[in-house]
Amino acid sequence: MNFSYSEKVNRLQQELTQFMEDYIYPNEHLYEDYVNSQGNRWETIPTIMEELKEKAKEKGLWNLFLPESEYGAGLTNLEYAPLCEIMGRSHIAPEIFNCAAPDTGNMEVLVRYGTEEQKEKWLKPLLAGDIRSCFSMTEPEVASSDATNIEASIVRDGDEYVINGRKWWSSGAGDPRCKISIVMGKTNPEAPKHEQQSMILVPMDTPGLKIERHLPVFGYDHAPHGHMEITYTNVRVPVSNILWGEGKGFAIAQGRLGPGRIHHCMRLIGSAERAVDEMCRRVQQRQAFGKKLSQQGVIQEWIAQSRIEIEQARLLTLKAAYMMDTVGNKEAKQEIAMIKAVAPQMALNVLDRAIQAFGGAGVSDDTPLAFMWAQARTLRIADGPDEVHRAQIAKLELKKYSEGVLVHGRS
Amino acid sequence: MNFSYSEKVNRLQQELTQFMEDYIYPNEHLYEDYVNSQGNRWETIPTIMEELKEKAKEKGLWNLFLPESEYGAGLTNLEYAPLCEIMGRSHIAPEIFNCAAPDTGNMEVLVRYGTEEQKEKWLKPLLAGDIRSCFSMTEPEVASSDATNIEASIVRDGDEYVINGRKWWSSGAGDPRCKISIVMGKTNPEAPKHEQQSMILVPMDTPGLKIERHLPVFGYDHAPHGHMEITYTNVRVPVSNILWGEGKGFAIAQGRLGPGRIHHCMRLIGSAERAVDEMCRRVQQRQAFGKKLSQQGVIQEWIAQSRIEIEQARLLTLKAAYMMDTVGNKEAKQEIAMIKAVAPQMALNVLDRAIQAFGGAGVSDDTPLAFMWAQARTLRIADGPDEVHRAQIAKLELKKYSEGVLVHGRS
Amino acid sequence: MNFSYSEKVNRLQQELTQFMEDYIYPNEHLYEDYVNSQGNRWETIPTIMEELKEKAKEKGLWNLFLPESEYGAGLTNLEYAPLCEIMGRSHIAPEIFNCAAPDTGNMEVLVRYGTEEQKEKWLKPLLAGDIRSCFSMTEPEVASSDATNIEASIVRDGDEYVINGRKWWSSGAGDPRCKISIVMGKTNPEAPKHEQQSMILVPMDTPGLKIERHLPVFGYDHAPHGHMEITYTNVRVPVSNILWGEGKGFAIAQGRLGPGRIHHCMRLIGSAERAVDEMCRRVQQRQAFGKKLSQQGVIQEWIAQSRIEIEQARLLTLKAAYMMDTVGNKEAKQEIAMIKAVAPQMALNVLDRAIQAFGGAGVSDDTPLAFMWAQARTLRIADGPDEVHRAQIAKLELKKYSEGVLVHGRS
Amino acid sequence: MNFSYSEKVNRLQQELTQFMEDYIYPNEHLYEDYVNSQGNRWETIPTIMEELKEKAKEKGLWNLFLPESEYGAGLTNLEYAPLCEIMGRSHIAPEIFNCAAPDTGNMEVLVRYGTEEQKEKWLKPLLAGDIRSCFSMTEPEVASSDATNIEASIVRDGDEYVINGRKWWSSGAGDPRCKISIVMGKTNPEAPKHEQQSMILVPMDTPGLKIERHLPVFGYDHAPHGHMEITYTNVRVPVSNILWGEGKGFAIAQGRLGPGRIHHCMRLIGSAERAVDEMCRRVQQRQAFGKKLSQQGVIQEWIAQSRIEIEQARLLTLKAAYMMDTVGNKEAKQEIAMIKAVAPQMALNVLDRAIQAFGGAGVSDDTPLAFMWAQARTLRIADGPDEVHRAQIAKLELKKYSEGVLVHGRS
């Protein structure tokens, strides 16, 4: 057991931090300013993004996320975690390093389950940062927290699959660079429960795919990225677009969501660190009732409690990453469920305290806090709501007892 | 002691509820649709508002908020509370009944401290719903939770006062109908701490008054109402525009904020009731893991806990209103501080549970929940942050002990 | 609606408070001292108790608890609530006023469902404070939170009933003055679920009734009162000992527990007030890190939060009592469930903060806090655990929606 | 970074767990039975203890706690943590392995600061488990959370020191085997604040040392160990009994409390694991409202939340231990403060849920839960109350900002 980062990780942390200092924090506001200055918020991409992506590539800070793959930077989950955390400190950072959801999850799916042809056509430009992608799984009509509820249909018709369904929260589908969607639906409603679903590649320009509207998050439209509601009406794609095979949708989803969940958690820790950072700076400057806010006992409790919650969540994230690397995503599922149930609420707690310390500035866009809060709030829902993760944790815990393997003194 | 509403209140509750059913809930979306359809979100007012204001006047549901005054509907705070609560169920309702902040507080100031001329000029059109108003107290540069920090200057120069300062969170100043601002600033920095401040009437079209920008709340701009940052640069108004007199600013603020605080609390209870309402409907319909959400134990805990928190907050609000009516705002200050510290957090808790029950729909604008959440969040800051109210509650509590009047068995 | 106590209640509050000051607080320690000085903690009763009971009778502060009955003091639940609260400030007080559990519940059962003969024999000496009683419902082998689980058998055999079963948490059965037990068991396991149970009177000296042991609460034995485990082995009583009739056990339990639950809540509010009282005195005296504890922001939060939680719980208790008086115990069931789910946790919170403010003294017996805490902790379990009450609150809430009576704007 | 225990630790975990299974869990009740069977609870020691101590020595499971010392088992803090955790699963275990407070802390003081003579006389028999010891620091008259408040005096008079003062919470002083006390007091009230205090060895049979009474913890007397109030009246010991030197008391206290704090935390994790263990077994067996408790959603939340809190607290404890081993106790002070603020509350949460799952059995002595809860509750006070640790965490956090070393992107 050892709680120190390796030298390699230390070096990458420093490089990344330096990049954040030099290029990202000073330019954060340009993003929003650019979008606000456009007539249509959904049509172009802030120029700063493509510029910084080039710089990140130059510095070798690119595609850091892919473990166990020739395509990525060769980092383990445990090595990636502290880097991903740093990216989480700024909402524009992950894309700049080509480490943003949902592309990361989609690339992982293509790496693991894609055919050579699929990789050539979609993985390559995604890895290069030339295009972006979306993931169309969640549906408005059913509780998608239970993935077996999903109702879109994927029906084979000769050499094609015909897709029909209504999806929402297809994040990133608003981006003009978004070229490909991974759609989940039922190929066989008669199959066993976890083999009814399949995943299929649908180019965004396929006839019948229609973006209906964007869904705001606490008033933020997240343009031009966006969270889109999409209808698929008799959308036809060649059979070669299926991923892995019919009936593999649920299995892919499980595989896709494990790393995705933990990436979210890593970034949430970064958001929380940013919040502590902003809060500490603020309370050192601000005066009320005759002393600095930082000297008020209540404010000190906020800072201490935030530090405590962050440290614990970080350690749990790192442990889950370590388990994924050593025993595999499946064996690590209790740890993954735990961190997914912990990190969003932790970040919300810390962000909320920082917002309170800032007063009016905290709820506005003068700090990144409100924006980060809204994003963190969605993560108590996305990729499985907290309560579903907790139910799973309990079931895994209770299983230890029903299996009769446990003696009284287990630790 | 008696926990039943009077017949008069029961009747008004029914009328108001009917009005909400008939005219407000079905039209809620028109408001946002209208604003979204305009080229400039800040220039016109959704037509539905003026129409419904006329209807409310016709039904006699107008200016219900003013206690102890010939100008209002003749209701006590205790009578107004359950009505104001109903208005809180929809974000567009309070304005329709001419019971919206900051106008209510400003009208109350004019009723209590205005000269006949001031009343004629500003109170009358406000009561008629012909114009709107804003309140310019909070400043970006200082912690306004401690009102003695406020730094804008109001300097007499002959028959005029000259005002200089930067204010923000002047809510409603974005509204094209907003014609008058009540500004707080220092007339005498040398006076005793609580007599340095004054309040003064500044017409919005006075030269030197400049709206710098609007402040979003989370991602909501609240257009066309808005929360504005305003600079006052050598703004000149006649000396007759002073309210009550020089040095009375702090006293007016105290008087103004008492009722304003409790109105917010009443509305927050309405928001929370709306959330329970939406949540219960949702969980009765939605299915996951083989049963209705309403049959899941965890969801039931959310509903029960919400009901419990609402009931307690409502009772505390009503008691505070009763105290204001019977012993006066000053004697009721511990109760007012308590309810102000309780109601926003209670509403946030309930809204958050409802959001979680809705999943993705909850954070978007498909329900009123996220919007209401953002508004409630500001109320843990506005009119004094929670922690300042709690400090005051503690001081009032401890005072009972230092005064030596307490014997061991106090109850 | 009116939040002031009546003059009658004000007068009784003063008399009771005076009695507490004069006779109870100064003698609290005598109780424990007496028990500790005895060779056997279970054999005699602290002499101070009988002395003070006589004094309470003299002052007319006796049997205040019985609403709607010629036997009691003629107070409504709403009138009794603030008095019962005062008694809750000291663990020895309720018995002194003959208002202690389980006697109050048992007397209420006898008043409502007892025959004249049963009243003469058991109610009369209970009302006079000459004997005490216990209630044998809960069983160690089943989850008694679901009363239909109860398994003791009551079988008719000629003119007698024969009782067999194991009961525990029969509180007060340790008291040498305890002469009668009300036992719940099944007379007909084939009857509909809520008609299988009956209640029956069993004198403590009936052959076959055996006290097996006492159950401590945390480390407190509560001697000589005690919480006893009792076996009933072929215990025979005349058929006339049945209460109301066969199959009425569940109905009596429901009726018995309503008032009992709210009495507990009233007393818990008194305990919490005592805790705030002790805490405030303490923090005004104690110094750390250069200032009085009462000047530390964190301590102030504890005091404020305690005051807030108490006020809300008190109002909810009073409202529940009002409902019981005006619409009846059955219609008031959501309110009763709410207060039962709120008050114990509230008292635990407040007591815990006071304990923390006292440090080492708080967990010991130098203050009444730890004792009160342990007692309050049992009340999150006794008379239905919190989670069962919350499930019931949710079901009552959801019922409003399934009945289709609700329109969108309910308040 | 690596989250696996070493092979050595794995082996010791297994041995210790086996020992717990074979000898400790089955004999836990003998301890209390023995004490209860004695006329005087304070005079003898349960025979099972000396028997099991011999067995533990035989197995080499002895003095595992001492890092960096020839006297101990040669384990680092990080290696000891998971073993100490296992001991925390039973309240009788730590003493059996000679790893119980306050002996461990006292032995550590003697190892680090004792003279050869002091070691020979007191350390040796302590290491052998032949005698026990107490630590007399806390005083009833002052807030000992601020150690500079301590008022006992240690005055040099020729070749002797004369000690006067009143101490309490001298844990273990009730044990008939307790032979030595380490007393903290002021040798020089004029010295700089942190150099006024000294520590000195006082044999328990020194004239003038009087045990006044024992202090219960939530009704538990913890006999024969006990928490004693002791008066020192003109107690004389030779000058050679001073530890390290005059004025070193505060420094020793700091050094002593670091490891002591983390040992408490490790044991608390064991207590919490025991609670989850008991709770899971219980809810798998118990039935209510038509299904097993383990199938109820609310119970599942308790289990999941408990697992989550334990995992996080364990990781934080391990990290703090790692820091102590690698950068030293002083540099690890934020981590130590964090875990001390986290672990007791975590254990209380988990124990409380388990108690609730057990109902009546949970608050009694039929499970170890209530006993463990009471012990855990004292640890939110002992060795510094939570709020003092949090204040220190905040100050250390804020220090990073005032030192000007931080740039915007710190992680």
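Residue numbering begins at 1 within each chain, and the chains themselves are lettered A, B, C and D in the order written.
Quick note on the criterion: a contact is a pair of C-beta atoms (placed from the backbone, for glycine too) under 8 Å apart; a residue touches a chain by one contact, two chains touch by 3 or more.
This is a predicted model, so every value here is computed, not measured.
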item	value
Higher-contact pair (C-beta pairs counted), C-D versus A-D	A-D
Farthest chain relative to chain D (centres taken as mean CA coordinates)	B
Between chain C and chain D, centroid-to-centroid distance (C-alpha), Å	37
Distance between the centres, which are taken as Cα means, of chain C and chain A, whole angstrom	52
Centre-to-centre distance between chain D and chain A (centres being mean Cα positions), rounded to whole Å	42
Per-residue multi-chain contacts in chain B, two or more chains	297-301, 387, 391
Residues of chain D defined as touching chain A within the complex	1-6, 9, 13, 17, 20-21, 25, 78, 82, 85-86, 89, 270, 273, 276-277, 280-281, 283-284, 294, 297, 299-301, 303-305, 307-308, 311-313, 315-316, 318-319, 322-323, 326, 334-335, 338, 341-342, 387, 389-395, 397-398, 400-402, 406-411
Chain A residues touching chain B - in the complex, by the definition given at the top	138, 140, 142-146, 149, 168-169, 215-221, 227, 286-289, 293, 298, 355-356, 359-366, 370-371, 373-374, 377-378, 380-382, 385-387, 390-391
Residues of chain D that touch chain B when the two form their complex	296-301
